[in-house]
Amino acid sequence: MNLLTFSMVLPLVGIAVLVFIPKSKVLLTKQIALITTLLVAAVGIYMTISFDLGDTAFQFVESREWIPAFGIKYALGVDGIALILILMSVLLTPVVVIAGWNESEDGRWSPKVFYSLILVLETMMIGVFASTDVFLFYVFFEAMLVPVYFLIGGFGSGERAAAAVKFLLYSLFGGLLMLASIIGIFVMATRYGNRTFDITTLSGLHTVLTPMMENILFLGFFIAFAIKAPLWPLHTWLPDAAKSATPGTSVLLLGVLDKVGTFGMIRYCLTLFPNASKSFTPLIITLAVISILYGAFLAIGAKDIKRLIAYTSISHFGFITMGIFAMTTQGFSGATLYMFNHGFSTAALFLVAGFMIVRRKSSTISDFGGLQRVTPIMAWSFFIAGMSSLALPGLSSFVSEFLVLVGTFTRYPVAAVIATFGIVLAALYILIPVQRALHGPTTPGNENLTDLNLREKIAIAPVIAIIVALGFYPSPLLKIINPAAATVISQQGFTDPAPTLNEGK
Amino acid sequence: MINFYSPTLEYSLLAPILIVLGGALIGVLIEAFAPAASRTRSQLFITLTSLVLSLAALIKVRNEGSASAAMESVTFDGAGVLLQASILVLAIISVFLLADQENFTALAAALPGSEQERDSLRQDLKVTEIYPLTLFAVAGMMLFPVATDLITLFVALEVLSLPLYILAGLSRRRRLMSQESALKYFLLGAFSSAFFLMGIAYLYGYSSSVSLSGIHAAVVGGSGNDIYLLLGIAFLSVGLLFKVGAVPFHAWTPDVYQGAPTAVTAFMAAATKVAAFGAMLRIFYVCFAEAYWQWRPALIAIALVTMAFGSLVAIAQKDVKRMLAYSSIAHAGFLLAGVISLNKSGLDATIFYLFVYGVATVGAFAIVTLVRDSAGEVTDLNRWSGLGKRSPWVATAFAGFLLAFAGIPLTSGFIGKFAIFSAAYESGSTAILITGVLASAIAAFFYIRVIVLMFFKDPIEDGTTVVIPSLFTQVAITISTVITFALGIYPTPLINFIQSTAQFIR
Amino acid sequence: MVTNNGIVYLIALPLIGSLLLLLLGRKADKWGHLLATALSASSFAVGLFQLSEMLSRETENRPVTQKLFNWISVGSFNVDASLLLDQLSICFVLLITGVGTLIHIYSISYMSHDKDRRRFFAYLNLFIAAMLLLVLGDSYLNLYVGWEGVGLASYLLIGFWNQKQAYATASKKAFVMNRIGDMGLSFAIMIAFASLGTVSFSGVKEQAHYASEATMTAIGVALLIAAVGKSAQFPLQAWLGDAMAGPTPVSALIHAATMVTAGVYLIVRSNFVFEAAPTAQLLVLIVGAITLMFGAIVGTAKDDIKKVLAASTMSQIGYMILGAGLGPAGYAFAIMHLLTHGFFKAGMFLGAGSVMHGMNDEVNMRKYGALRKFMPITFITFGLGYLAIIGVPPFAGFYSKDMIIETAFNAGGLKGILLGSTALLGAAITAFYMTRVMILTFTSPKRWDEDQHPHESPILMWAPMAILAIGSVTSGFLLSRGNALKHWLEPLFEEHGEHQELLAPIVVSGLTLLMVAIGVASAVIKYQLSDVDEVAPESVSTFTRFARRDLLQDDINEALFMRPGQAITSALVKIDERVVDGAVRGIGKIAIGSGAQLRKVQTGYVRSYAALILVGAVALIAAIWVVTQ
Amino acid sequence: MSLDNYLYLSAILFTIGAVGVVVRRNAIVVFMCVELMLNAANLTLVTFSRINGTLDGQVVAFFTMVVAACEVVVGLAIIVTIYRSRRSASIDDANLLKR
């Protein structure tokens, strides 16, 4: 069986097993879920290893008729970009399962439900990155909202129901706009005699579209992705959702689901509507820069640790979007690498935040204080995660962030320069919570917090390891990304600006 | 001196309808002669068998290929048969609900709250009339979309309507409401059918023919007086739009859906829509197609208003049956999109949509019948809160149907939406596409609200319980759930079948 | 260029040390500090070895490189992680590892009572590693890693006692202000890549000839911003004073000897940029001049001994920056002053630490006095450092500072005169406030109360001080003997020698000494011959009051940046809540509201429904009619 | 005299019927108005059948009468039930279902 399909079926098998486990056997449930996710991760790693770096076409391709009447295929395949995103997803899921070992128990429903949702979500995460059929992509894109919706609403905390609804409606709205565009594409493709959703075939469609048409269709997609990503001003669902969801869910939400937005911009907006992308680039770059600073400022102002992380992500997604639309190999590869790195640094932040919250029974930053003296390991983990979030050289996010900045600068110097102020703000939004929560005298209520236990260490260790390792040696990933990035850029008819030497002289 | 031909009747083709009618007549006889005790069972048996037989016969008819029968007054072409088949399937599922007598009054004639009613309940009489009535309605519905002359069309309309008027009044609980709904349905129905008839009159005046083909010929020829055509189309549309419940002819829908016994509502909402839209498709595709430039704009406008109105007002509903009613109005709007698209893909899409929507509707209402307290069904949405805790499976099924209504991928509703909107856009109507999408967004709003209510709110202890569904209801729910999701995940067989068979012959 | 695979050990050793100490945690408490010291020392040994190697080679192939691995490679952006060890970096390597080791040793005793000593040493090693990476990186991007690495280390060390809220704040302040500088560095790298297509020192050096002056100026200014941030120069000087929150050894190592001088290194290293960008070079001079005065003035007003030393550091680095701004003529002297300063300032900081050690961590000099008797060794070592910094021949400071002043005068024209006289004046003020420190601490009558029991520090502490003292006596003489350092570094710079001498060296020296004498004298008069009050007098000139408040640096920053920043933040928080999210919620409300309105159509009266139908019918007819016509 | 007048007449009758449905309260009367509309339609049909010289119109008219008769049966049944349970034939009283 095709590896991608296989990795998508595995979780479903896991669910099938879970069904026969009695509610009471909680531990067994968890173990099965964990084993399943680990297996999937293994498959993912194997795919990454056996990925042919030389080949810029889609790999692990599979294509079956699904709804021939509409030319819809069950078509899978990955290029470098999709591959590392899948890798990220399958690596994060087991981490989430381990870290959230007990999250499932104080939920509205049994752990069984929780893990079934996680697993079905994993299937869809792989599918959404792997599908090379626009319709199939859309199906996953929309369908994956449902499990997340129930994960937030059923196992979250606080205003979970409201947050879940906000998240779902926001995303559905975007999704429906995208549906309109997809229908548009479909009809256009039919009109020009090629009734298909195959992305490679459709990438030629723009040649027959009127600019007006192309712009409209582009917007349909872009708004959907901008909501997912989330780009200012369509971001307001994220903080609420992130605050209410369990840390594990938040990791998947910010770490993986939101990447679908930026991934979609690359795979669909750019590939299908190159001209429209060009004409909208100034606007998008502006929005991206706004997101960077806006998100940073709100993070500085945030009182709740989970909201804070959510806002930092908004800032980071600004960087990613900027890198994508800068249309330079550096910016592009940087953005893609950024997606991967952001997945892990946010995961680290959220997981540690989760550990802190579980212990303190509060997510308000000011409730913590002086943790470094009480729970050094936890404090250190948070600190490192924070450092990676502010892109400290030597940690993974620095490489990607810097690539994005450099790449953007070569084409849009002003944007890049403004965005660079983000790194100062980043220092603030990380160091302020660090000071409040970890430094200073140990405040009442924190004296007796226990440090990370073995399970939590096991969960957080690989994440931090990856963060550090990729900071010093990102080449393996870059080797995978670069060819794909180069292809996209060249498809867009762009070439990197040559060094502007001798200007003036 | 007009010479007289003895009519020829192709019984083999008419068999499906005749079987149903026959079943109905037998039912009447049973009512008359069989002992009360044995009626229920025998009626149910007769009804199901006749429906199933008719379905079988229908398949046979289909295999003989498209043909018209009874002096061109009915035509069994692909589309017609598909519609009939859907009606039959929906009818069968609904009958399972009807079989759950809890929904129906013991003695329709007895005054609400009267001594008579009480002891009728005590001896628990059963209103077994509902079975023949249903069968008659089904027969009418089957006739409606295949009728190719205006007389048959009119008769069919009445045959399907009259039994429904009565059925609407037979609720066991809240009988005043039930009777009121019957009254409203009847008066407005009659009112609209008067328009329908007037339309027929003018069309006849325009084309001097009552057969659709004749009218089509006239339209093509353009000989007649356009005023008559105009009035004809307008009045005929009023009658049809009333049946499908499009704004502004929708007003009866919420009241009747709420007042009527839920089982009947299910049947009505699902099957009537198919029949009415079937007829509409035939009329507009077969005889008014060439005059589209006259009526299409108006119909588009109605479609837009209907989508928007249905979705918006549904948000404000507190009663689950009313909410479903308004959502059905919204869906009528979506379906109109298929009618106005006036192309093959529009036809296919509409037929597919009609079927999947009908199934989901029956399923949804079936679940409504399960949520009860001592005073019967609980339709107040607030009291549905925490249903997910009380009985997860029922809630999950209902959520599934709601998601299908909302058109979430992997449910049949999504495929339907995609098909019908793409057809509409293919025919060049961007407005429909945009409004449709926005309307769906609004609609999602209240479907999700119900899901939140069921799953994320805690139950309020007020004796609201979910009864253990009777076998029949279980079957109904199961079938509709399976169909809804199966067609969401792999709709290809049905779509291909529709695509290959669905066409109208003039 | 010659490759040499030994360079990496310089960094690796201390890095391993810090990682071990951090990962092993409490297990390493027993021996952690020893390991750290040993590793730092061995790194120093490697440095010495490298130096001997280098000396044995011909001038042109003295620089050696080592490519570790390909770090980032995307399109034309291709950066190796590779190291460059040349005449310039070797100076720093030795300074860092040498002084660093001494301070390790010092800290063993100084921190012996702190239960987190292991962590302290881990940080120290981390710093050494990062600082070495900074000076060994062969491209601006590699340098960047070290650049922020030392920032991190300094953050951790300033905040070592971060259970004190104030210290935590100080560390945060330092990090953030450094980041502003780092921003400059990233600007520089971006511009370099965008317009020159390379970010390695050698690459930029080649391209510098072809690029336009505008470009080079841009890069130069960006680099200057970076230098200003890291070296606490005007206008980013505000963090250094607060950084004294860290344990004194830290102040000695990071905030006196090494890290804060990274800015000077950057400018000297980027000489080819500034050569091609006169404007940027002029800015460097201005910054240097302003800062050396700024620091000096602040130094006169402080009572906290560490704060005075911090201010003086700032001012001395001002001298170095000034020197570096003077072009090829000045580079060598800037570096020389950097090295000598490394000795005497580190020495004095350690001395201050030793004093605090003996005085229960009292830092207020007005509570000192007459300590000469109680801690003679400290007095002597500190005194030697003092003589060095005020520039009394033949002590180290005399050579280096004097050279800078002279070169400043020789810069030519009005510029030369202005710079020269500023430097001269600075020398006087330096003499004044350093004398003040000496007097208040050691020679003036005792002002401390009876529960104080001043005592000399243990050998582990005074030995390093002694060694540094020796350094501050001899280093200047050694380095300038036959312009040793100048010739050593020359190959790195493009000498275009038009040497117009405004004043003869001897004259300059004379003037300098005169100024110094004046400074010392006035201090002696003010503090030795008249008695000192234990609390700072309130009735002082506005200028003094300003000086005490660091010339209002914090007030200005607060008014210009902090307040507006906080305002923006809170404003945006509201906007996000009310406007952005409000709009979304508004749409929802509109939908619900219109639904509630529309349902009123459903009156429940059959007749109204019928009316609706009738109206609909008429409308339909009308519509079709209109279309038809 | 022109046959059109019959059409006008029937149109007028139809309108009267329609308006009647809207303005009258008594269920029976409302229903009568519907019947009036149906008959107006019949008149139109026969007129056209005269104009066009085909019989179909008249045939339809016959069907209509039959159908109308059925409607009467059902209608009266419903109205009577309502009347019995409410003691009023005014359709405005039947107003439980709304909004």
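Which chain is which? They are A, B, C and D, in the order written, and residues in each are numbered from 1.
One rule holds for everything that comes next: contacts are C-beta pairs under 8 Å (C-beta built on N, C-alpha and C of every residue); 3 or more make two chains touch, one makes a residue touch a chain.
Small disclaimer: the values here were computed from a predicted structure and weren't measured.
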item: Most heavily contacting chain pair (counted by C-beta pairs in contact); value: A-C
item: Centrality ranking, top chain (CA atoms only); value: A
item: Between subunit C and subunit D, centroid-to-centroid distance (C-alpha), Å; value: 97
item: Geometric centre distance via CA averages, subunit D-subunit B, whole Å; value: 25
item: Chain centre separation (subunit A, subunit B; CA means) in Å; value: 45
item: Chain centre separation (subunit A, subunit C; CA means) in Å; value: 37
item: Touching two or more other chains - residues of subunit B; value: 183-184, 187, 191, 195, 254-255, 445
item: Multi-chain contact residues (two or more partners), subunit D; value: 18, 21, 30, 91, 94-99
item: Where subunit A touches two or more other chains, by residue; value: 169
item: In contact (per the touch rule at the top): chain pairs; value: A-B, A-C, B-C, B-D, C-D
item: Parts of subunit B lying in touch with subunit D, wherever the complex brings them together; value: 2, 108-109, 111-112, 150-151, 154-155, 158, 162, 165-166, 169, 175-177, 179-184, 186-187, 190-191, 194-195, 197-198, 200-202, 204-205, 208-210, 254-255, 258-259, 322
item: Of all residues in subunit B, those that touch subunit A in their complex; value: 348, 389, 392, 403, 406, 408-410, 414-415, 417-419, 421-422, 425-426, 433-434, 437-438, 440-441, 444-445, 448-449, 452, 455-457, 490-492, 495-496, 499
item: Residues of subunit B touching subunit C in the complex; value: 183-184, 187-188, 191-192, 195, 226, 230-231, 233-235, 237-238, 241-242, 247-249, 251-252, 254-255, 293-295, 297-298, 301-302, 309, 312-317, 442, 445
item: In the complex, subunit A residues that touch subunit B; value: 65-70, 108-109, 138-140, 142-143, 145-146, 150, 153-154, 160-161, 164-165, 168-169, 172-173, 176-177, 179-180, 182-184, 186-187, 190-191
item: Parts of subunit D lying in touch with subunit C, wherever the complex brings them together; value: 18-19, 21-25, 30, 91-92, 94-99
